[in-house]
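Two complexes follow with chain A in common, the first pairing it with chain B and the second with chain C.
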Partner chain A sequence: MTAAPATASKRRRGGSSTAHGARNRARGPRQSIMSRSAAMLIMGVFTLYFLTPIWWLLTTSTKTGGEITSTAPLWFTADSAETFLANLGRLFTYGDGLFGRWLLNSALYAGVGALIGTIIAAMCGYALAKYEFRGREAIFNIVLSGVLVPATALALPLFLIFSRVELTNTMWAVFLPSLVSPFGVYLARIYAAASVPGELLEAARLDGSGEIRTFFTVSTRLMAPALVTIFLFQFVAIWNNFFLPLIMLRDQALFPVTLGLYAWNSQISQIPELRSLVIVGALVSILPLIIAFLALQRFWSSGLGAGGVK
Partner chain B sequence: MRAHYGKVTAAFAMISALALSGCSAGGDSTEAGAEAAPCEASEGPVTLNFTTWVPGMDKVVELWNAENPDIQVQVQTGPNGNSGTYQNFFNQIQAGNAPDLGQVEYDALPNFRVQDGLENIAGCEGVADAQDKFVDWTWGQVTFGEEGSVYAVPQDSGPMAMYYRADLFEAAGIEVPTTWEEYAAAAEQIKAQGSYITNFPKQDVNWFAGLVWQNGGQWFANDGENWDVNLTSPESEEVATYWQDLLSKDLVSTLPSFSDEWNASFNEGQQWTWVSAVWGATTLSDGAPDTAGKWAVAPMPQWEDGGETAGNWGGSSTAVLKGSDHPAEAAKFALWLNTDPEALALANELGGIYPAAKSATELEAFAGGVDYYGGQNIYEVFADASSNVDPDFTWGPTMTQTYTDVSDGFGAAIGGSGTLMDALENGQQKTIDSLKAQSIPVAE
Partner chain C sequence: MSVLSTPAEVPQGAPVTRRTRSSKAQRRAVALFVAPFGILFLAFYAIPIVYAVVQSLLTVEREGTFGAPRQVFGGFVQYQQVFQNTAFWESVGRVLLFGVVQVPIMLGLALLFALLLDSPLLKGKKFFRLAFFAPYAVPGVIAAIMWGFLYSPSLSPFGAVTSNVDLLGADLVLWAIANIVTWVYVGYNMLIIYSSLLAIPTEIYEAARLDGASNLQIAWRIKIPLVIPAIILTAVFSIIGTLQLLAEPQTLRSFSSAINSTFTPNLAVYTTASVPNYNLAAAFSVVLALATFILSFVFLKSTQRKVTQ
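What follows is the complex of A and B.
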């Protein structure tokens, strides 16, 4: 999961394979057929395990409320395409286009929140890695302990604090707590320590560059793979965040898509037509995550490779 | 209206423990029989916040806002009560920024009352006189039988009756059961045909409570000071033993209710009856579309031949939450919302609400036959049921906990370990423990 250990292991492999690399590659890996197929089998089972629910989501979103129970669960019906489009249409028109609003909110919370959160985490991690000052380790340890506290446990105290300053039921109530990422700080520090050479910073200072300018023009580029990782993690965490908005927000127009779908789902027994909307909505709501991963994956893996040949 | 219990509940249980410990430090949570505070109208225009989870309520409120420029209401819609909104109310009451009005189900009202989360609106204009406008038992739910107290305005109710497959009963030559004894006999005949008479839902403990309610049982009582917990009364035991017998003989299915497989089971004709509330009419027609026209509704089976009692499942009120700056205006709006014919009609159309107001029977929506039920006017049956619901049934202050514990026990009984009665005995003990843990006085 973390970029840093992956980089380290790559580096190790890169080092040891230089001698025999060419010959090994020509003859192919040495594993036996047995162990390879065992590995493939295990991976295949897990792939199936992870993809089946998404497949179900896809097929079910092409059905009307009644067809969900009366047709084969993992396959399409004869008029799937039309039903899917009709479902989509109803999804975006139900309740005066509420769902579109929720998607926008989520994009705003997750997009802007992850961006600013990444910058803050990067600066913090970078400072902890590259500057020596008193209490550095203490600060780092305190930040690290933040990783251990589940966000759920903080929701109620946060609510009481935000009530004091009358910020509950506003966008800020969800946005501000999303900006901090202890794990991001940890990752940024590890990565900055490994990938930003102190000599380079010295050189920049000799050339008359200020610390802030050096950070943005030199260091962030070197830390780019870590930053993309932090951004992705933060984006996914905020996008999937549910408990904090549940406690903070009363106004439907401020809900992120997770909370909105949850609210709909809790009303199915009264308004059964919501059943198919919740399913189509769930499908639509995971698309941005898939897009974010596919789009940023390139930077991510190329960055890992670049770190490997030092 | 229907309660959901799940993982979320567990998370809330943890959080509410935190909230409660904060609350009891606040002091007067056990104050009983408070005097009706003077309820004076505010000067100038006011804006009220109203949190509900009934779909379409914003449209109903638009009607009000158009006619009342000085009392504007803003609606917030969220997840249903037990899925988070109640916990939010408690947090907000504690933080002093709760909405003026909130939707609260009858079985959650005592919890709010015990934690001092409700404004007594008895002194507000028009409230005391409104009693006659509501079905008797719903009024009992919002006053807790306290003199000079009204804590909410009844909104909707869920009188129970029996949905049954008229076509299947007729084809098989089985009489439609009118007593529980006949119901059990019919269950055997239906099982012989490879189907089930109904489904026993382990998580719908409030449904089970509705059956006990019909039998004249009481789970809770409050004498103004102490709470009496009585999940194991003879009436309760009779109901539990009855269903245990059906379960042991495998005459009822045990699917999770409102799930896809549950819907499918109804849709495919595996289920012949469903003893359920009035709001179940749309659940059925939407979940089992292939059986349209084949259903009918009859009164609940009776414990005594010729009886007319009915139970209730669900229903909620519009409560004025503690800390509202404008209780008079809030009460005025709540009364309008739940008695005005136009508002009731729209709430029924958009939100599927079956009003607690007596005038509901005059609504056009309940006047004609329903095609899904073979053209029968099913609402006549439910209106009768509504007037036959015991008005004295009382919910306890920790229903979420009680439901969870009893539901766990029901699950175990279905799995073959223990009985439904064991589940109730365990629920009884857990409930008493939980009340004591919250310093709520319990009668021993």
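What follows is the complex of A and C.
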């Protein structure tokens, strides 16, 4: 498996504009306009499909419970800003600031978990790519089968094991299993093989740099875009994980934000005021991920495809 | 650390000793690199799997009606129960039907969008890429809550549709869930395919264009065959995801009474574990994990053969 996605895409983008120009001159303008409009139309329609639910979430968070049904559904009201702030205030004060707690928990589970998980996966994948040692293929095959074992299939046995050592309903029960990402190791191996030249490691060895130090000072820098991609994947996987916290946690104060909103949502029929809190809470909970994706875009958009390039 | 203190200056005439010494350092480094993941993998992947198998082979026995429950070895008693459990197999059939319809639609759309992004026909590619990918940042639970409101007859902005068509009724709720899953994952799959399109060297197209190939022919004859590995990867992950459906149906249960407690295999696992009947739930988990593994493995093998042919 070889992959050098970043350089390939750059080369591609540099060369593409001239190719397009040549093509347009070769073709009649009419057909070109027609297929252009068809393409734009398809993409336009689906943009509406993808963004309307998020837009609805945004506009609805600026309404009071009664206004949700009585006002124009996909637009703001006259006092949207005030209502939105009031909703936010209620969201963060309801149940002694439970929602803020959930956000912090999610940040801890997903942020710290993905950070440690990425370092661990990177070390293992790097060793698999860059060193010859006995059992290397065996370890890699075990990791690969781990990729095919779905995490949800592990939730129940993990629960049984954690209840044996009486650690269910603690943060550890969600945090520790989240650190393991076989897919991360798989990606790290591919990236390390593609981006860390063996000659460089030899040179570092001749300079007297230890293996561990070389990894942390030289190799991780070369693998940086890949590490961001692995981090994001694992962050999303932990942030979205539902079965594990659902089965492990009873104490609401330990919930990640998804499980918390799920719990509120299932109580709406008894406590109708929760409805607008669920909607505002949903908006607030997806913002960190959208911001993280936008901020780290240049890393993942080049690194994402490497797993599929063979 | 002793690894760092390996002498930098080695006498020139002794390459053999240097190699053995450095390979010892390398072995130690490998052990240090692999150990953290290895230990965690063992503790939270391998042992749980073994433990689930062990649990699924046990059964609870009571002495009399009120005797203390006791776990004893029961052989394949739980698996007999699994195979006789019609609700479980109905749920398996349901997610298989779901996968057969939803996965091709989702990947077809993802491929179409990726090809359009890669074609010279579009303007504002960066915007489309982000807009289509944005739903991936929405967790399954939140997506289900949003769409649950959008589907509901009273709250939906599309009330004209949702008050006439019962999207949350028994007939359509499976496809309502399919829409949610598609909405979340199309953009993600699109990006995977798109990145592998970007990795194709342009020279290939130049040659085809000189031969008079149209955009459509280039897409069909050159681009699609070259991104098949990426499509296979997305298909495997989609198959795994489909069999594991849980968050979306479980969340939608508060919007729809048509989703029962054994709607998907994982819901059946959760419901059985809440009884609690851990041994049967463990057997469900083992069967489900095996089925997932076999299905994705067979899919990988059969497609690989086709690709190399």
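Quick notes
Throughout what follows, the second predicted complex is superposed on the first by the 259 of 310 C-alpha atoms of A that agree within 3 Å, B and C clash if a C-alpha of one lies under 4 Å from a C-alpha of the other, contacts with A are read in each partner's own complex, and residues count from 1 in each chain.
By our rule, contacts are C-beta pairs under 8 Å (C-beta built on N, C-alpha and C of every residue); 3 or more make two chains touch, one makes a residue touch a chain.
The shown structure was predicted, so the numbers you read here are calculated from the model rather than taken from an experiment.
Once chain A of one complex is fitted onto chain A of the other, the partner contacts of A:S35 are limited to chain C, with no touch recorded for chain B.
Look at A:G100: by the touch rule set out above, it reaches neither chain B nor chain C. Of the two partner chains, chain B and chain C are each touched by A:I68.
Comparing chain B with chain C, the partner in contact with more residues of chain A is C.
By the document's definition of touching, of the two partners only chain B reaches A:A263; chain C does not. Once the two complexes are laid over each other on the shared chain, residue contacts for A:V185 go to chain C alone; chain B is not touched. Contact with chain B, but none with chain C, is seen for A:I271 once the two complexes are overlaid on the shared chain. Contacts of A:Q252 after superposition on the shared chain: chain B is touched, whereas chain C is not. Once the two complexes are overlaid on the shared chain, A:E166 sits against chain B while remaining clear of chain C. Shared-chain residue A:G111: touches no atom of chain B or chain C.
Judged by the document's definition of touching, chain A residues 68-69, 152, 156, 159-160, 243, 246-247, 259, 262, 266, 268-269 lie at the interface with chain B and also at the interface with chain C.
Considering their complex, residues 1-2, 4, 11, 15, 18-19, 49, 51, 53-55, 76-80, 83-84, 87-88, 91-92, 94-97, 99, 258, 260-261, 263-264, 267-268, 279, 282-283, 286-287, 289-290, 351-352 of chain B touch chain A.
The residues of chain C lying in touch with chain A in their complex are 1, 3-9, 22, 25-30, 32-34, 36-38, 40-41, 43-45, 47-49, 51-52, 55, 109, 112-113, 116, 119-123, 128-143, 145-150, 154-157, 159, 183, 186-187, 191-196, 198-202, 205-206, 209, 215, 227, 229-231, 233-234, 236, 240-241, 243-244, 246-247, 250-251, 253-254, 266, 269-270, 273, 278, 281-282, 285, 288-289, 292-293, 296-297. For chain A in complex with chain C, the touching residues are 3-5, 8-9, 11-13, 15-16, 19-20, 22-24, 26, 35-36, 38-40, 42-43, 46-47, 49-51, 53-54, 56-57, 60, 68-69, 73-74, 120-121, 123-124, 126-128, 131, 133, 139, 142-143, 145-146, 148-150, 152-154, 156-161, 176-177, 179-180, 182, 185, 205, 207-213, 215, 236, 239-240, 242-243, 246-247, 258-259, 261-262, 265-266, 268-269, 278-279, 282, 285-286, 289-290, 292-294, 297, 301-302, 304-310. Only residues 65-66, 68-70, 95, 152, 155-156, 159-160, 163-164, 166, 168-169, 243, 246-247, 249-252, 259, 262-263, 266-275 of chain A touch chain B when the two sit together in their complex.
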